[in-house]
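Data first, discussion second: the structure below is written as structure tokens.
As written, the chain order gives the labels A, B, C and D, with residue 1 at the start of each chain.
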Amino acid sequence: ENTPEASAAAALEPATITVYTSEPQEKIDAIVAAFNETQPDVTVEVFRAGTGDLTARIEAERTTGDVQADILLAADSATFEGYKADDLLLAYTPADVESLNQDVVDPDGFYVGTRIIPTVIAYNTGVIDTPPTSWADLTDPAYAGQITMPNPDVSGAAAYNAAVWLDNADLGDEWLVDLAKNKPVIADSNGPVSQAVAAGTQPVGVVVDYLVRELKAAGSPIDVAYPTEGVPYVSQPVGIFASTDEEAASEAFVDYLVSAAGQELAVEQSYLPVRNDVGTPDGAPAMDDIEILTPDLDVIADTKAAAVARFNELFQ
Amino acid sequence: MSSSSKASGAGPVVLDRARSRFPQPSVRPRTDARTGAGIDLLRLALWLVCAAVVLLPLGAIVVLAFSANHLPLLLEGDVLQAGLNSMVSAVLSATLAVAAGTALALLLDRTDLRGRKALRLFALTPLLVPPFVGAIAWISIAGPTGPANVAWTTWFGGPLWNIYGGDGVVFLLAIHSYPVVYIIVSAALRRIPTDLEQAARISGASAVRAVRTITLPLLRPAMLSAFTLVAVGNLADFGIPSIIGLPERYVTLSTLIYRYIQSGTVESPLEVISTIGVVLLLIAAAAMVIDVLVSRSRFELDASSSAVQLLPLGVARLPLTMATWLGVLVITLLPLCALLSQALLPAPGVPLTWQNLTLDNIVRATSAPSTLTGAMNSVMLSVLAGLICGVLGLAIGTVVTRTRARSNTALKTLAMLPQAIPGLVIAVGWLIIAPRIGLFNTPWLILCAYVMAFIAIVVQSVSAPLKATPMTAEEAARISGATRLRALFDISWRMAVPAAIAGSILVVLTAVRELTISVLLLAPGAQTLGVNIFSLQQAGAYNAASALSLIITLVGLAGLGLAARRAR
Amino acid sequence: MSSVTLTDVGLVYPDGTVGLENINLAIADGEFVALVGPSGSGKTTLLRAIAGFLTPTAGSIRLDDTLVADRSTLVAPEKRGLGMVFQQHAVWPHWSVERNIAYPLVLARVPRAERTQRVAEVMQLVGLTGFEQRNPATLSGGQRQRVALARAIVGRPRVLLLDEALSALDEPLRDSLRLELQSLTRSIGLTVVHVTHDREEALALADRVVVLDGGRIQQVGSPVELVTRPVTAEVARFLSDATIFPGDRDRNGFVATDHPCAVPAHLLDVGSGADALSGAGMIAVLPEDITLEPGTGAPTDAVVASSLYGRASNDIVVTWQGISVRCRVPGRRYLVGETVVVGIRRAMFYDAARALVELVETR
Amino acid sequence: MSSVTLTDVGLVYPDGTVGLENINLAIADGEFVALVGPSGSGKTTLLRAIAGFLTPTAGSIRLDDTLVADRSTLVAPEKRGLGMVFQQHAVWPHWSVERNIAYPLVLARVPRAERTQRVAEVMQLVGLTGFEQRNPATLSGGQRQRVALARAIVGRPRVLLLDEALSALDEPLRDSLRLELQSLTRSIGLTVVHVTHDREEALALADRVVVLDGGRIQQVGSPVELVTRPVTAEVARFLSDATIFPGDRDRNGFVATDHPCAVPAHLLDVGSGADALSGAGMIAVLPEDITLEPGTGAPTDAVVASSLYGRASNDIVVTWQGISVRCRVPGRRYLVGETVVVGIRRAMFYDAARALVELVETR
């Protein structure tokens, strides 16, 4: 079994690594604190920003030299595929990789997912009596003007979702056309969507699940439905930049993230884990009860731009 | 220079025009070179500093923009549409802001409306609320489920007004920019002698007619320059169009820039956004040229002999007072109340009842270690930026308005240009040059970017009083035995210090809540307040974000009161 | 028929400053009245009350037979049918000269043809023909003041109000505009109220001069009356730089207190209502009524403190036993430091009580 | 030893305007010189050239024996040791009165104790004691001008330059400051160059008056000389509002061309160097040299165009056969419109050639 002690077989030399992440500040602080319990000599510097800001910063750093980060923990696999193609990443397969959900592990070994972040249906319990339980339900004219969803132009995850929906045989273009008829409000990103649903601005939203659980815990009248057709998800991958000087420490951090201890912390932080041996957060169904859509990533990568364009066309 | 004393014989206060008409004799024997050397050195130093903090990053952006030809992309539908939206929203919002700001200036500075002093302070509050926070607050007021819309829907079956979309963007941009218009126009208004209006009254014009035919035309140059300033600034705004515009797919250039970065749908996004940045830069430069041309045709006004006489509103006093108070309170207090209610509620959607109120968010927002480091950083950076901008802006303003040199216009333009560029592009510029100048991952990088972005505020605010001071003030010092440089320091420079302080306070207030620059340039582990709020927002801690915004706004309000007192 | 009538007018500013007190004044049709007085005496306040920019807190103001201001009535400035010229001319910089002058006619909806003609007329009157399309910024101070004047009279106002209208101009200009102003207002028979700091100007131009002090009228009279028969020693001092000697009067004449100045009875002017033959009081001696002769070395000699050359007479200040005496003497110009003997040709005697009585009668 | 010496000074502005031409002037130590002349005549230009704000394009300027400006030398204004007072006083608003006045001493590194004492002295001299800590904004115009004066003299300048220093003040203030200025500069023996628009002021204050026109010196002389013996008809017109009649002179006197004006020989003043007994020329008649008598109804009568009251004499303009004649006559005040007979008591004859000769000699 993997215990913290086991993964910390060797305490490392003092080192400083820099992590670029889009994790909320409080969560990444907790992760670093927990990591430091096993690796007290590794100092983790965190640069937290939105995915877009991270991308911009990495781009700017590449323009004039090397990427200044050791680790990137953010976004979706598509982003990492891009960096992989540009030879920016270091190949590393974390310890204990076999215990992980193999869907989130890069077969080439350049990155590995750290959480399952599915996009689900959220609804305001104060307004909605019979919640929608499937994507198809959302096309019901009763929901006209009631739905909100993130903008695929801005949110990488939303763009990915659009591609997955279009690629899905049950949903596809027809479903998207019907959904557009309900004139959903296209919010900037997941945050505003969950807020709008909680506040009742639009009582139904398409949004990542953990935000909903957190709001519910804080007292908002909100709840989550996992659509029966299956949920698209992103895996918030982690990867090591090839330009790192602290290979060992970086690898240890990646190991920790996907270790049982790291994943238990993720569950505590309301995320669905990438391994099956740590349970699921309060209020979430067991992993086996969640239908997950796992399309062919190559297909998605090829169709994403077209999907976003189609989406824009329909929802204009 | 001799014409300045000549012009003052007739009593005008605006002398710059007269001065430029009569250049000094260029015949200058060698011995004079020594006394001019001090000024030349100062000018050289200012050029060097400006080159470092403005020209360098601008250059980086331009180089990046032209490293490959991305012009075809600019002609694509997306960009054209976004450009159109940007222009339309900037122009419309600036028009609204100029209308509102001018009306307020007339009401507050020229009539006996009740409670003018308090109104003035209230009217300036939108200056303090970060635009993206203001946008969020307004959504809860005029969003589709805002109280007004809900009520309207239940009674009339449709919402009253949905803030999302282009109209909302224009509205909010106008709200956040009318205070600047008010400040500029009311300064100009103070220079228009009331005699001119009274002469019209005696000629048979009613009060309203006198304002319409005399005061407003005389204010036109100030209104136009406020318009360019505000329009150019709104062109670059990101927070409002992203929160209010995007849900209705109202894309502007600055949100498009963000999207290009975010979505990875374009090749080499940095070059593309730099290209867009350069386009915005050109628009801004054009606007500034227009501004210069307009201010060249500024009217000469004589100093007023009589004190400003307030127009008695008579029977209209009470209704106008109530209408103005209502308007200003709705625009300023309502969003603050929205923020307050969110700050006191545990989570969105929780009904507003006494039992549900909690201080948890405020505690959470203020006690988080990252808030503390953010506050410390922000305060340090913005105070430093305020100081540097104050000193540098004062020096540039003084040299540019009080000495004659061909390069003055260039220097001033250089200082003014960055305010037209979106923060994101400024940040990219600095990111690119940071490693080469050894500032990468240090707070000084942010400081440099702040100075670049905000120096214009101080230059602007010191120029006006300096222009109104006759050149004889310095000549008197030279006759007293001061060299040109010494006279510039002892007299003009010191006389403009109060204006520079007021400008610096504005810089501090703006920088302390800055978001788009800081978010890219922060060193790992560092924080600023704007980023704190944004992070809380992104983490779904909306109510804590509201609490923090509210606190910053209230502290800023206090600071503004201070600035207002200083400026007087 | 009076053109402007002020009855018991009082004006207290909101901060409690008394601007005017108990002003009674009737200005006749076609009369040129000048208001003079020390700084802060209420001249501007009075003028602006007539114009309608200030509201009297007591009394009433009439223009012809129309009540324009009292406790319950307030006619707005634009409805009073007045013309006004300000110290800083207040020519509107955004309009051409012609447009400036035509504005009152535009407001009065005078038809275009008539308007053009009347503007042309008045421009000729003030000597601005040819300047129609000029931008006011390109005019000299005197020309601007002429534009302001033309604008003020083009609408044929009932009363023309001038507030230090010439004060901002240079001396030669002021001089020539003074002449013009007089002949202009005379030729069209305008009623004029002219506020000025300049005593010579007031005396030169006006039919009647009103002396204000502390918001009250001190004296109203023709220039000659004011110069030769000031109603109080204070008025004499203010208007003519008279020197005041306190002392006592008896049938032999006047003797100053603790001072060598003495004036025999036949040189004393005691005003029409004089009957008391003795008592304490003071004399006011006009600068013109003083003679200077070379000093004798006597201890009562005076010393020249300053000496300014003038065309007709030199303006000399001598210090005479502690009192500064202003003299205007023709002939030899005594130089600073010389000793002189001071002679008095005529003096006006005021005893405190009488002066007060006269004052009350005047009002 | 001359305090200011200008030799052949010329100044052409960069745009080609001639500011000064061929100025030769020696101002003695302790002398008070006034510069007068029509607007644009170069007064300010001359003063600023002395101050060092403008550089002559020809000639040289010396202060005492120091060459301060010529083709190759230019001493900066701050090194010339001058004092200057501007029309708009230019008191620095950000400093207290005391600090304003002390500034020249601070720059000269005068030790603090001495500085305090000298500032106190000069403040007493100009009557500002007690105002040390006042903010200049709270001072009246006259007080500010006094601060400017104190500041200009505290450093014991070699020369005090005044550029319309009193013009911006109201008449009563100007009047009293004139007196003060004179006694002050006399008492400390300052050399003063005073630019003014006001001819009376120039005559009143100065030891010598310089009349400028078109950038050239027209006449230099004492006030009496200038008033009684103007060197050209133009100077007479500018300085004294003399009326000019063109005409011819023979041994019997002067007869105006196409005009009833005629002056017998014994009333003609033809200047010292006169010898030609006949020729074409013109006469200048001073306003004081004109007499008016009630009209006879003859066709040569003049008509009163304007009539201003004055203390000593009335200022009357009559139109005499198309020529406006300015008169200053005591006694009865003729009213506008009356017809009068014009008499001439004395006239100055100038023939074009002679006037030019004299002009050249003067310089």
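Note that in this section a contact is a pair of C-beta atoms (placed from the backbone, for glycine too) under 8 Å apart; a residue touches a chain by one contact, two chains touch by 3 or more.
If you want to know which protein each chain is, UniProt gives these names: B = Iron ABC transporter permease; C, D = ABC-type quaternary amine transporter.
Here the structure is a predicted model, which means the values were calculated and not measured.
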If every chain is reduced to the average of its C-alpha atoms, which one ends up farthest from subunit C?
A
Pair exhibiting more inter-chain C-beta contacts, A-B or B-C:
A-B
Between subunit A and subunit D, the Cα-mean centres are separated in Å by 89
Dist(centroid_CA(subunit A), centroid_CA(subunit B)) in Å evaluates to 38
Rounded to a whole Å, what is the gap between the Cα centroids of subunit B and subunit C?
51
Could you list which residues of subunit B touch at least two other chains?
9
Multi-chain touching residues of subunit C, meaning two or more other chains, are 140, 170
Kindly provide every pair of chains that touch.
A-B, B-C, B-D, C-D
Can you list the residues on subunit C that touch subunit B in the complex?
44, 51-53, 76-84, 86-90, 92-94, 103-104, 107-108, 137, 140-141, 144, 148, 151-152, 155, 161, 163-164, 168, 170
Contact residues on subunit B for subunit C in the complex?
9-11, 193, 195-196, 198-207, 209, 213-214, 217-218, 220, 299-306, 309
Quick check: in the complex, which residue numbers of subunit C touch subunit D?
38-39, 140, 167, 170-172, 178-179, 182-183, 186, 197-201, 203-205, 223-224, 227, 240, 288, 305-313, 315, 317, 328, 336
Residue ranges of subunit A touching subunit B (in the complex, touch as defined):
18-20, 22, 24-27, 29, 45-53, 55-57, 59-61, 63-65, 68-69, 78-79, 82, 124, 126, 145, 148, 151-156, 159, 185-189, 191-192, 194-202, 211, 214-215, 218-222, 305, 308, 312, 315-316
Enumerate the contact residues on subunit B facing subunit A in the complex.
64, 139-140, 143-145, 164, 242-243, 246-249, 251, 258-259, 261-265, 268-270, 346-350, 356, 368-370, 424, 427-428, 431-436, 440-441, 519-520, 522-525, 531, 534-535, 537-543
